[in-house]
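Letters A, B, C, D, E, F, G and H mark the chains as written, and numbering starts fresh at 1 in each.
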Amino acid sequence: MTKNIKLMQGNEAIAEGAVIAGCDFFAGYPITPSSEVMEVLSNKLPKIGKAFIQMEDEIAALGAVLGAALGGAKAITASSGPGMSLKQEHIGYASMCEIPCVIVNVMRGGPSTGLPTLPAQGDVMQAKWGTHGDHAIIAITPSSVNESLYETIRAFNLAIKYRTPVLILTDEIIGHMRERVVVPDKNDVDIIDVKLPDVPPEKYNPYNYTSGKVTPLAPMGEGYRYHVTGLIHGETGFPSQRTDVIQNAQNWLMDKIYKNIKDIEKFEEFQTEDAEILIVAYGSTSRSTRQAIMMARSAGIKAGMFRPITIWPFPEEQISNLSKRIRKILVPEMNMGQIIFEVQRNACGSQVYGLNIVNGEPIAPDQIYTKIKEIAGL
Amino acid sequence: MLEKDNKNSNNTTVTLSNYNVCEGIETEIKTINNLTIKEVSGIGKKGEVKIDIIVNYCKGCELCVAFCPEDVLIMNKEVAEVVDISKCTKCNICEYLCPDFSIIVE
Amino acid sequence: MSDRTEFRFSGSGGQGLILAGIILADAAAIYENKNAVQTQSYGPEARGGSSKSEVIVSDSPIEYPKATKVDYMVALTQEAFNKYINDIKDDGIVIADKELVTDFSNAKGKLYIIDMVKSAREELGKLLGLNIIALGILVEISGIVSHESIEQALMKRVPKGFEDYNKKALEIGFKLAKEIKNNK
Amino acid sequence: MIKTKFNYDKYLRKNTLPHIWCPGCGDGIILKSLLRAIDKCGYSKDEIVITSGIGCASRLPGYVDFNTIHTTHGRALTFAIGIKMFKPRLKVITVSGDGDALAIGGNHFIHAARRNIDITLIVFNNYTYGMTGGQYSPTQPRGSYSTTTPFGNIEPPFDVCNLAQAAGATWVGRSTSYHAVQLEKFIVDALNHTGFSVLDVITNCHISYGRRNKMKSPVEMVKYQKEKAIPARSSQNMSPEDLAGRFKTGILFEKKDMPEFCSEYRKELEIAKTK
Amino acid sequence: MTKNIKLMQGNEAIAEGAVIAGCDFFAGYPITPSSEVMEVLSNKLPKIGKAFIQMEDEIAALGAVLGAALGGAKAITASSGPGMSLKQEHIGYASMCEIPCVIVNVMRGGPSTGLPTLPAQGDVMQAKWGTHGDHAIIAITPSSVNESLYETIRAFNLAIKYRTPVLILTDEIIGHMRERVVVPDKNDVDIIDVKLPDVPPEKYNPYNYTSGKVTPLAPMGEGYRYHVTGLIHGETGFPSQRTDVIQNAQNWLMDKIYKNIKDIEKFEEFQTEDAEILIVAYGSTSRSTRQAIMMARSAGIKAGMFRPITIWPFPEEQISNLSKRIRKILVPEMNMGQIIFEVQRNACGSQVYGLNIVNGEPIAPDQIYTKIKEIAGL
Amino acid sequence: MIKTKFNYDKYLRKNTLPHIWCPGCGDGIILKSLLRAIDKCGYSKDEIVITSGIGCASRLPGYVDFNTIHTTHGRALTFAIGIKMFKPRLKVITVSGDGDALAIGGNHFIHAARRNIDITLIVFNNYTYGMTGGQYSPTQPRGSYSTTTPFGNIEPPFDVCNLAQAAGATWVGRSTSYHAVQLEKFIVDALNHTGFSVLDVITNCHISYGRRNKMKSPVEMVKYQKEKAIPARSSQNMSPEDLAGRFKTGILFEKKDMPEFCSEYRKELEIAKTK
Amino acid sequence: MSDRTEFRFSGSGGQGLILAGIILADAAAIYENKNAVQTQSYGPEARGGSSKSEVIVSDSPIEYPKATKVDYMVALTQEAFNKYINDIKDDGIVIADKELVTDFSNAKGKLYIIDMVKSAREELGKLLGLNIIALGILVEISGIVSHESIEQALMKRVPKGFEDYNKKALEIGFKLAKEIKNNK
Amino acid sequence: MLEKDNKNSNNTTVTLSNYNVCEGIETEIKTINNLTIKEVSGIGKKGEVKIDIIVNYCKGCELCVAFCPEDVLIMNKEVAEVVDISKCTKCNICEYLCPDFSIIVE
C-alpha cells in the first residue's frame, strides 16, 4: 500500500486536485450531483487557511469567485445543470474581463430540473454557447477519477495562463464513482502561479489585444490600480466604442484561445492506427467505448477511438485529419446529439453516425458494440 | 431517506401480533385498495373511539407514540400500533402529528 | 474483461450499503493493488427509494464502471431484490435476508437466504452493522480479498469506539458465509 | 374511501403516496395542517393554485389535487405572481423550503412582500437544505453543523418574520410542525388575509439537520420545537437570556386594509381605459 | 394615407404584434436595447384590460410569464444579452414543461455588458444551446419593422401550437429603426387561441409523447387539475425515472419541433435560381446582403441570398440542397461566426466563407460586396 | 494640479472626466462626498476596492483611482464579498443604484447584510432606473410616473433602511445628495464601522425621474430633497400626516461589536487547523 | 439605390433630433407614401454623448437602413459636426448652426452656416424648437416632402398646446432655407 | 444626457463676458492641461476668497447658483460665473453641490 494512493470519488478528486493546484478560494451553492466538491472543500480549505463560502445562489457564487480572483486568488466553483444556466452571465463577464477561474459542471440528466441524480452529457454545447455574445472557452472532460484530479490541476494552470474561465465537465458517473487515484505531491506537478506583472504599476495595462501575449492579471491591492468592466474596453480597461477597439477586443478573446490550441488541446487515440470505424467519445462514455472497441476487435472489426480531453476548443484538426482516413465515424453521447455537430462539421465526406441514449443510464459497452456492428454492416 | 414504494405495491402481507385484547375492544384488519388498515375500536376516556392505522403508510417515525399523552400507542416492528385504546382521550395529537396520513382517530 | 468480478449491495437508503461497497473497493484497490471501481445509484436529489452500491474488481483496467453481469449480490429489502435481481449472472450468487426479503418469485442465479437480521439482533444486539455482515459474507464467499485487507479497509472507515463492534459484524459475515459454503 | 373525521383523501393524489419524505419529517405534518385549513376556508379544489420551488418541502404540490406547479429552485413566488395577476380569482399559495424561499429565492421573497400581492407563502423552515443532503441554510443557527459547516456555522441566520415585515408583508406569523392545531389556525388566518402573508413554520429534518446537531430522531427534533417555541405574548416579559436560542410563535404582524397589488392593478386598468 | 399604416420602431412593432396576437400578459425587466417593447406594452396592455408587470429581475420576469401562461395567458417578455443569459434556466423549464410563451431578444454587442446600445448578432447559438440539457427551440429572426410585427404574431401562434417557448431574435438596428408598417386588423390575420382540451378533466393528461400530436395545455383554474414539474415526467405530469419514460420524454421534446419543421420553417430566397455564390444571411445583415447582391449583379456576379426567417430549427434541408448546386457560400454575420457552423455542417463539399464584423457597426453592403468579389475571384 | 482646498484630483482618473452623468445629476455630488470621506479616513489608494453594478451610479468606479470593478447588474456585492474574504485587509466599498442594489440585486443585499461582512454599501437612490431611461424602481414612490408606469405606480416602495436592518446590517443611515456635509460625515462613520453598513442616499435624477414627476430641473429636485428630508430625531415628535411623503435622515441604526464575517472566519480557521 | 436620399440630424442628446427625424420619416412614409427609414445612434446604455438621427427616403425599398453617403446634414454641436461630417457626399449639403459650431476645419460638402439659435431666440423666445427649425430647413432645401405633409406629420407628434409654437418653428426653418436657396 | 466630450478636446475657446468688475476683484483666465479655469479672487464676507470655475467641466446645471445663499453666482451662457464675490461667506455649498468638480472655493 502506497501512502499517496487513495480510493476516492470523482468529485473528491476534483477537490483534491484543486488543493494541490493551490486553490485559495471556493464559493458555491449546493446542487446534486456536484455537492461533494463543495462539501469536501468546506472541510479541506479552512484546514489550510484558505477561504470557503457558501453563497446565496449560483450567480453570487461565481460573482464571489471572480471578486476573489481579481484579488489574486486561485478560485473555483462547482455546480450542475440548473446552476450552470444561472452562471451564464458571469461566465461571460469572466471571459470579457479575462478573469481566471475554474468552474466545475458535474452533468446530470435532462433540461430543467430533469434528473438530478442521474448522469448525462447534455451541457457540452452550453459550455461553449451558453452565455450571450461571442467568446471562446476552454472546457475539459475527464473520464476517470484519477483524470479528474490531474485535469483540475491543468484547469487551474490554463485559467491563469490564458486568463480565462476554464470549465471542467464531468458527469454523475465520474463524479460519484470511486476509483484508485495516485495523489501527487505538489512538487511533482507543474503549477502555474499567480504573479505580479513584470512592469511597474505606471506602465501596467490590464489588457493587451495585439501583442499575442496574455498580460498577467495584477492581483488587486498590490499597487496596480486598474479598472475592470464588462463593457467592451480598450487595453487600459476603460470602456470604448471605437470600432477598431471593439473588433480587436473581440478578436483577442477568440485568438488567445484558438491560436494557442496546440498548448490547450489534449486528446487520446486508442487503436486508431488501422481503424476503419472511428468512435469519437468523451467523459464516461469513452469508457464504455473502449470496452466496446475491445469487443469489436475480438469480433474482427477494426474500430478505434478518438477521445477529446480538452473538448473546447474542439480538436478540429485531428477530426478533420482522421476523417480523411476513416470514413465511418460514430459519436456516442448521453445526449440528443451535441458533439456530433462538431464532428459532422469537421469530417465532411465521412459518414457520421450518432448513438444518443438519454434515459438516465450510462451508455453500455454492449449498446455501442451493437451500433459498431451495424455500421460495419454485420 | 426512505421512499417506501414497496409498501405501496400489491402483494404486501403484514403480520400483526402482540395485541392487548381486552373486553369491548375489537381489532380488525382490512385491505382497501391494496392498503392494509388496522382498525382498533373500543371505549376510551371520552367514549367510543376508533383508531385506524394504515400499515403501508406508516414509516415508523414514532412521533405518534412519543407524543400521545396517554400512552395509547407503541411501536411494533417499526409500525405504530394501538396498545391500550381505553386510555385514549381522542385528543387527536397522534393524528395531527403523523406525517404520513397513517393514523386516523374517530 | 473476463477477470471482472461484479458485486452489488442492494437495499434501502439508510442501510449503509454505500459504505460497504466503499470498504470492499478500498480493500481491493488499496490493500491488494487490484483495480476496483465503486458506484451507487440514488433516488431523486440524492435521497430516497431503493438504492444499490456496486463494486467491480479486476486485474485489468476497469472501463465501464457499472455492473451488468453481477457475480455477487446482497439484497436487504424486497423492493431492492425485485428491482436489481435482473442482471445477475446465471451462476451468480444472491444473498437475501430471510426476514427482509420474503418473496423470491423473481429469483435468478444461486439464491441463499440467510437470516442476517437475526444474527445481528442476537449477536450484535442491534441492526446496525447489517451492512458489514453482508460485506463479510460477500468477501468470504467470493474470496476476492483477504480477511486482512478487508479488516484494514474496514478499520479505516469506522468511527472511533466502534472498531470492535464492526469487526464482530464482519466476522459474523464470514461465519454465515462459511455455513453456506459448507452446505454447498 | 377511508372514512375519517377529516377527509384528507379528498385533497390527496392517492396514487402518489406514500410521499418521499423521510419517516417523521415535519413536512407531512404541515401538509396535513394545510389541507385542513384549505378545507376550513371552503375553497374549491379548482380555485387553489400551489406553487413551490425545489427541495423536500417543494415536493408537496405533487401530492395534492389542486393546480400544482413545482417550479425551479427559488422562483416559486414569481410563477405565483404571474398566475395570480392573470387570474386574480384564484387562491394562490406558495410552499417553499428555507433555502428555496430565503437563499436563492430571497429576492422574490422581499419583492412579493413589497408588492403586497395576495399570495400566502408558507416557509418550511428546517434550518437546512434537506433535499441536497444538509448544507447550511440562511436560517441555520450560528454554531450548528452541516455538511458545509464542518467547523460550525459562523453566519447569523435571518429572522424570516422580521425580514418579511420590513419588506412589506402585511401578515406575518410563525408556528411549528409540532403545533399542528395552531398551525392550521394560522394558515386559515393567512389565507383569509388579503395581501401578502408569510408563515414561517419551524419544521424538523432529523436526516439532514438533526443528525449533525445532536437530535438524531424526529421525536427529539419535535421536542426541541415544543421546548423552544415561545408564544409572542409570553416573550414580552422575558429577558434576553431567557429568550436566547428560542423563537417566537404567533401572529407577529398584521396590517389590514393596505393596498393589495391585484386590486390596485384593477384600479389602474380603470384609469388606463380612460386614457 | 391609409389609417392602418404607421411609422414605428421594430420594438414597437413587436409590442403591436403582440397585442394583435391577443397577448394577455407581459412581465419584464428593462434592458437596452429592448426596453421599448416593455415601455410600449406598459401603456397598451392596461388600456385593453390586460396585465403588465415589471419584475425585480429577468429570472422573475420569465417566471411570472410562465405562471401566467399556465393560467392560460398568451404571455411575452423581452430582454437583451445579459438578461437572456439570466433567463436560461427558465427557458429550459418552459421547454421541459411545454409552456407556451414568447421571448424577445433584441441583440446588442459583445459578451457580458458589452455594447449596450450597439447592434450585434451574437446570441444566435445561445438561443439554441443556452440552457442546460437537451431541448429543441423555435427562434425567429425578422429583418424589418414590418416583419417584426407579423413574426411576433406567428411566434405566438407557434408557441401555442407547439407548446414551446418561441424566441424572437432581432437586433438593435431592427429594434430601434423606424419604418412603415401595415398594421393588420385582428380579423385579417390567423390567430391560434388558447383553448380547453377536448377531453374532460378525468381524461386529461398534460403530456403526450407518443401520438405525435401536441396535447393542448389546459389553462389552470378551469377544472383541469394537473401537476407541472421540471423533473423529467411521464404523460401524467408526475416525475418518473423509468428509462423508457425518460427517453420518450427527451425524444418528444426534439421530435415535436423537428418532425414539424415544414410547418415551422420560413425562409426567403433572393435571386438564387442562377446564383453561383450563395449568401446566407438573416436579420439586419440580410438587408445589407440584398443591397450587396444588387451591386454584385450589376457587376455581373451571380450572387443570391438564402434568408432563414425561422432560424431554429435550422433549415438544414434547404442549405443542403442549395449547397449541392452552389459551391461557394458566404455567411456574413455580426458575430465571430455562429450560423456559419450550421452552414458548414449542412453544406459539406461547398466552400463556406465567413464575413464576421463585430465592431458595433452594422455590416455595410460595401463590405459584403467586397467579400463577394473576393470570393468570385475578382 | 489644480490647487484646491480639498484635492479631489488625487483620487480622480482625470482623463476620464468629465463624467457621463447629466448636468446636475446628484451622483457627482455623492462621488465628491465619498472622496472627501475616504481621504478623511486616511486610507491609501491601494487598499480601497470599489465595486459597482450597472447603472448611472455604477459608473462611479471608472472615475476614481482605486481598485475598481464595474461588475454585472445587481451583483456588485458578490464580487465585494469575494475579494473582501480573500483579502480582508482591503477596504471594500460598493456603490449601487436603487435598481441595482434592490431590484435585481436585492438578494445579495439582504445576504450581505445577514452575514454582517465588513463592506460599506452606498445606495444611490434616485427612485428610478436612470441608465435605461427611467423605468420604475423598487424605491419609486406610489403614484409617481415612469416610462413603465404611465398611469402611476401602484407598487409600494421599499424602505431601504428598514430592510437593511431587518436583514442584519449593523450600521444603517440615510442622507441625500443635498446634505453633502452630512453625507460625508455619514460615509466616514460607515467606513469606520466594522460590519456591514448601508447608506441610503436620496439623489436626484431629473432626466429619468424628475421630468416625469413635475421636477424638471436638478434645482427643483434638490429642493425636494431639502424639503422632504427630516432628521430622524425631529421625526419622533411628528404625526403620521406630517411625515407623509417625507423621509428620515440620520444614522438610523448602529450596533457595535456584532460578530463580523471575516473575523469570524479567521476564528474558524483557527478551529479548523486543530481538526 | 440611386433614388436614395439620406438625411442626418446631428447634435447632442437633449436637442430633439430623433423627433425631427421621425417627423421627416413620417411625412415621407405615411403622408407621401414613399419608403422611409429612420435610425439613430446612442451612447452607452441609451444615453449620453453626441448623437445622430438619420432618415433615408426612397421610392424603392430601402435595404441598408443607415446613411453612408449623406445628402443633407444638420449639425447642432461642434462635436457632432466633427464626428459625423465624414460621410457627407461631395455635393451634400451641411447646415451648421452659427453659434453652436464654430470650427469648420473639417468641413466637407457644401456648408451653410445659419444662425438658427439666434432665430429661435428672437422669433420663438427660447431655444426649444431648434430641432423643428432644422427640420424645416432640410425639408425646404431638399424638397423631399411637401409643406403640407411635414406639417401634418409634425402636428401628429406635438403635445397639445404647442401646435402653433412648432408650426412657427417649422416656418422659420422654411424661411431660413429659402434665404440659402436665394443666395445659391 | 450629455457626455460633453467636446469640452475635453483640445482647441476649446470659451469667450467670457459680463463681469461685475469691482475694486479689489481680480479675474484671471488660466488654461491648465487643456482646462480653462476662470479664477476670481477678492475679499468676501469672511475675508480673502478665491473661486475657481473650470469652464470645461461645468455642465450648466445651476445647482451652485440656486443654492448659494449669498447670490454670489449666476449662469452665463450655461456656465456658472461669479457675479459678486464680495458677498461670499466661503460656506462652500457651491463647491459641495457641484456634481462636476467645476467649482472650487478657497
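We adopt the following convention: contacts are C-beta pairs under 8 Å (C-beta built on N, C-alpha and C of every residue); 3 or more make two chains touch, one makes a residue touch a chain.
The shown structure was predicted, so the numbers you read here are calculated from the model rather than taken from an experiment.
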item: Set of chains adjacent to subunit C and to subunit H; value: none
item: B-D or D-E, whichever has more C-beta pairs in contact; value: D-E
item: Mean-CA-position distance for subunit C and subunit B (Å); value: 35
item: Whole-Å gap between the CA centroids of subunit A and subunit D; value: 39
item: Geometric centre distance via CA averages, subunit G-subunit C, whole Å; value: 85
item: Distance between the centres, which are taken as Cα means, of subunit E and subunit C, whole angstrom; value: 54
item: Two or more partner chains touched - positions in subunit B; value: 1-5
item: Shared-contact residues (touching 2 or more other chains) in subunit D; value: 20, 22, 54, 70, 72, 103-104, 106-107, 111, 131-133, 138, 150-151, 207, 265, 268, 271-272, 275
item: Residues of subunit G touching at least two other chains; value: 43-49
item: List of subunit A residues in touch with subunit D within their complex; value: 29-32, 35, 38-39, 42-43, 46, 52, 54, 56-58, 82, 112-113
item: In the complex, subunit B residues that touch subunit D; value: 1-5, 7-8, 32-33, 35, 37, 52, 54, 56-57, 59-63, 66-67, 93, 96-101, 104-106
item: Residue numbers on subunit A that touch subunit F, as the complex places them; value: 24-25, 27, 46-47, 49, 51, 53, 55-57, 59-73, 75, 89-90, 93, 220-223, 225-231, 238-239
item: Interface residues, subunit F side, partner subunit A - complex; value: 13, 16, 45-47, 49, 51, 61-62, 65-72, 75, 77-87, 89-90, 107-108, 111, 265, 268-269, 271-273, 275
item: Touching residues (chain side subunit A, partner subunit E) in the complex; value: 59, 81-82, 84-86, 88-89, 92-93, 95-97, 107, 109-116, 118, 120, 122-123, 125-126, 128-135, 229-232, 241, 243-244, 246-247, 250-251, 253-254, 335-338, 341, 344-345, 348-349, 357-361
